[in-house]
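As written, the chain order gives the labels A, B, C and D, with residue 1 at the start of each chain.
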Amino acid sequence: MNAAVSGVASGPSADSGPRPRRIAFLGPEGTFTEAALMQVPGARESERIPMASVPSALAAVRKGAVDAAVVPIENSVEGGVTATLDDVASGAELRILQEILVPIQFTLVAPGELALDQIRSISTHSHAWAQIRGWVEQNIPGVEYVPAPSTAASAVAFLDGHGGTISDGVPYDAGVCSPVVVDRHPELTVIAENIGDNKNAVTRFILVARPDATMPPPTGADKTSVVIPLWQDRAGALMEILEQFATRGVNLSRIESRPTGSHLGDYFFSVDVDGHIQDDRVADALMGVRRMCPRTRFLGSYPRADQRVIEVAKQHSDAAFIQARSWVDHLRGQ
Amino acid sequence: MNAAVSGVASGPSADSGPRPRRIAFLGPEGTFTEAALMQVPGARESERIPMASVPSALAAVRKGAVDAAVVPIENSVEGGVTATLDDVASGAELRILQEILVPIQFTLVAPGELALDQIRSISTHSHAWAQIRGWVEQNIPGVEYVPAPSTAASAVAFLDGHGGTISDGVPYDAGVCSPVVVDRHPELTVIAENIGDNKNAVTRFILVARPDATMPPPTGADKTSVVIPLWQDRAGALMEILEQFATRGVNLSRIESRPTGSHLGDYFFSVDVDGHIQDDRVADALMGVRRMCPRTRFLGSYPRADQRVIEVAKQHSDAAFIQARSWVDHLRGQ
Amino acid sequence: MNAAVSGVASGPSADSGPRPRRIAFLGPEGTFTEAALMQVPGARESERIPMASVPSALAAVRKGAVDAAVVPIENSVEGGVTATLDDVASGAELRILQEILVPIQFTLVAPGELALDQIRSISTHSHAWAQIRGWVEQNIPGVEYVPAPSTAASAVAFLDGHGGTISDGVPYDAGVCSPVVVDRHPELTVIAENIGDNKNAVTRFILVARPDATMPPPTGADKTSVVIPLWQDRAGALMEILEQFATRGVNLSRIESRPTGSHLGDYFFSVDVDGHIQDDRVADALMGVRRMCPRTRFLGSYPRADQRVIEVAKQHSDAAFIQARSWVDHLRGQ
Amino acid sequence: MNAAVSGVASGPSADSGPRPRRIAFLGPEGTFTEAALMQVPGARESERIPMASVPSALAAVRKGAVDAAVVPIENSVEGGVTATLDDVASGAELRILQEILVPIQFTLVAPGELALDQIRSISTHSHAWAQIRGWVEQNIPGVEYVPAPSTAASAVAFLDGHGGTISDGVPYDAGVCSPVVVDRHPELTVIAENIGDNKNAVTRFILVARPDATMPPPTGADKTSVVIPLWQDRAGALMEILEQFATRGVNLSRIESRPTGSHLGDYFFSVDVDGHIQDDRVADALMGVRRMCPRTRFLGSYPRADQRVIEVAKQHSDAAFIQARSWVDHLRGQ
């Protein structure tokens, strides 16, 4: 873990104690993303900079304004966070150094005490709205939905910014935010807690840096992320890619298709595989994929948040690769 | 085409000539979805009912309140419309009867004449915002974004609803909507036209009915949509599914993974394949997939919007299936 | 005739009804093939007709001169018996009704007592010679080999045909035959017994009839034999065939390539798979193979000699096929 | 010694340096194998040593008694020469340096003039007998077959070894041999020429040396031979091997299964693939196969006799491998 963090700070010339000073995150304060950031080793000592959007947080990394950024990449209910998937897939290269899981809980807040049947309109981020819809239909049927740019924003709008007074001019009755916001702003009134439809909901975040950051070393429980543009629009193309992994015994833990944006039917695949690029089977599979798709992009190898150790069959072990390579090299006179 | 439409009409109570009377669509009026609906044969004579969300439009179909619904399913820039993908994948079964392609153009409107540098805030639907961001950064850098529940809503908010007068109390300066809204509301002022970053952007919509609707007959240029939940969390599962298609020469034109919502790593795949379920190779492949994943769901076979005829190799033709089946049946004494 | 033939196929528990009267076998008497024939139910009551070659035995079946024939098809040391593999692969169709395993033992015989070092030449069939070469080199180094048309022939040549007298004019000192020959001709002198290099050597024989013979019913421990000509000379052709089996969970227990005889590189494959054509997964796989290779030939489904029961995964069971087929049929309106 | 051996491998344009002095071949003189040997560069100046069997010719190579050997490996009619396939697959390693194709023609000879209907018995090697059976049945029906250890032996038996006189004590009327024998022994009488059933019959021979022989360099029209023991007796094992080749675009031009000799169902595969081990795609595929089957044996890379140039798709070219490997190496910090 320390390695990953010192990686953020270090870059090629890293040498001593200094922690990452500046980490951007998808703000504002009080979002689930900030909760994720607080799990990054050294986060408390870092300067944490809220950004208005995923692209702006990643742009800050790319241009060197910050050392790293924490952004959401996948929600167990809503699926891939497309802004993140698309942004890391193009533009200047980035590297994922760590993944962080945050359980998702939603709290219904208002500027003061309200009975549920007094609530006529609710605001929150559209992703959050999708995750509480069942509870809302059962408990406040017919309520109006007002979109907000973030969950935290729907709540902090009730504050006038002057030492905790409640603002009047908010065009909705209640907001839905993370419990962190409530902890920080006790002047908000909690109407209902834990109102998510799926009590096991979790969001996965990633810590992203520039490619010169030190790669976290293999732990035996690692994950590698790549972006694979399909090199041509034909039958079996995806299968040929998958075979490159399968013939090396490399398991896929996630695969998502995303449009490239040029025209319908033009995809890239965002893929997570079990293992580290320092594992020979992963390196060999990536070589095969790269031959097929020369624009394949490596996003990083990093420890799995769940620390589940990957089991590797004998014929796909590093030892098997080393033995086989030395056999072929010997035959080729190398 | 007529068949598809009469399918919409038919249902349980279908009896004679009458066209589908009631078709729901993702409203409000003036959205791209309404433009798609207008391409459905018989649309002009139908009663067109705007709905607030994809789930509510599809719920209206399920409960029989409408005969069919038009909803977006895929955008060439933003990717799959997750609300639609997820909704048709669970709950009571539905059938896709037609797909409709609509080119996406965005118009910047205001309540009156404004220079670009006078605009400090813009509202539109978040999907639309994602598609004009490049233009905005180049032309109105630093502008504030205000989310709206739909593109049309961001524009019609300027109207006070009383015969075309412009309302004062709108908390943003300009909206972004489809050209249809402007046609319908000439009192809006057009500030800029065709501001989408991708000039070829197109959105695909589907016409959805209940499973008892008449299936459109094969045309030689068809598409079949299915939902495949991965039956277990293991390496190669996806590849085994793809092989069921590949061994019958069935091409995949779209594949998207979606979380089932229960926990991270639990997916279903939303898949479009070339061909009609009345084509033997498609039926045979679906049989194979269904054996693997007994909860596979059929969403429909319908004509491709691009009318591209599918080429079928000799060994995957209906004739080859008939010959091979009769050979095996004869050997088995059937 | 059918009655008689179904007798041939009746299996271990058959007990009544007319027996096959005429069964050809690769002669002469005393060969391992005759030992195999004696394992066929009803063999003792049958008329057993030795034939000079595999093709002549199979020709007798084809033209109706006999009801069935027993011929060798595979030897654990020498491999496939090419005469049999090639003959059943072309010409009028035949059906395998049973397989029979016979352990192979070799006995060295002479017309009278001889020390090993007195033997200067040995005759036997070339296949047998290949299987005793190690023993010979160790025990009678430098001995000359004289080819014989069969193992039995190399031994019975010592008999003059007149009541067991030993003939003088044989141009070699010793023969190598099966123990059966010695049992039948006690006038031969046994010089050494069980001289095969591989003590576990076994030969597999098949009982072959015409296609109108009753197919043995499924037992759960069955085998199906087919001949698959590769339909074109290109990469991956074999793999596509194997995938037809793999996607239905059908295991291959034997695969042999044979030249078609037209030119180098033109092959057919002789294949045994686990299961019976009455098993849906086997029938479905054969349909797939037949589509690929319209000249695929079915040689029969019959009980395995080792009676090993085939384990079938849930998704490849008959129940899974029935469920999937009825789902597709329902969707297609059939 | 190395110099001499590299002479063996030198190919058509080799012109200088010491020639191999000693090359064994499957004798006796006058066989098709000797005809193949005469195509080896430098053959006329070499000492050509006839051997009684394939194993004895290869044993002479292994123990250094000769520099190389020419043996048959595949016949377009009869298939693989099992003695050769099995011998090179075990024991001390050998290397194939060249393949040679010889058209197969058969000549019927006798000690003097004979009408066809005067011939009651014919001798030849059993493989030759299999290839003239059709002609014999049509022209000399009912003739008796007498096995001979080689085609040449069936003919030279008529010579008494003393300056071309014809011997009396031969126990058959006619022999079947290659035209070479007749050229060399004009005292034999030709009864019929070119009597093979398949006029395009051709046999493939190989020039075999010890592993320290210089490997022929890549020509663009090469072949690589390997022996692959199946590492376990389970479904899909063969398919996994084939996928190792397929995912690198390596075509199989020949595949033959052979029993290992231990027990039924235990196979090794003898495989020829398009390309040279110095081609990256072949080396990479062999690495994959070797991981699966650590006892995989390399038999050599050598020019194709038909000089057909192998076409390689872009993604399987050396350039693609080099690019992909340097990408992965860079990412791994190597």
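Simple rule for what comes next: a contact is a pair of C-beta atoms (placed from the backbone, for glycine too) under 8 Å apart; a residue touches a chain by one contact, two chains touch by 3 or more.
This is a predicted model, so every value here is computed, not measured.
Visitor: So which chains count as neighbours of both chain A and chain D?
Guide: none
Visitor: Can you work out the whole-Å distance between the CA centroids of chain B and chain C?
Guide: 60
Visitor: Determine the centre-to-centre distance between chain A and chain B, using the mean Cα coordinates as centres, and give it in whole Å.
Guide: Their C-alpha centroids are separated by 27 Å.
Visitor: Do you know which chain C residues sit against two or more other chains?
Guide: 243, 246
Visitor: Work through the pairs of chains, note which ones touch, and then classify the graph as line, ring, star, complete or other.
Guide: ring
Visitor: Mind listing each pair of touching chains for me?
Guide: A-B, A-D, B-C, C-D
Visitor: Under the stated contact criterion, what part of chain A meets chain D in this complex?
Guide: Those residues of chain A that touch chain D are 215, 231, 240, 243-244, 246-248, 277-278, 283, 286-288, 290-292, 294, 298, 315-316, 320-321, 323-325, 327-328, 331-333.
Visitor: Can you tell me which positions in chain A touch chain B when the two form their complex?
Guide: 55, 74-79, 82-83, 101, 126, 130, 133, 145, 147-149, 171, 198, 200, 202, 204, 234-236, 238-239, 242-243, 246, 249-259, 261-266
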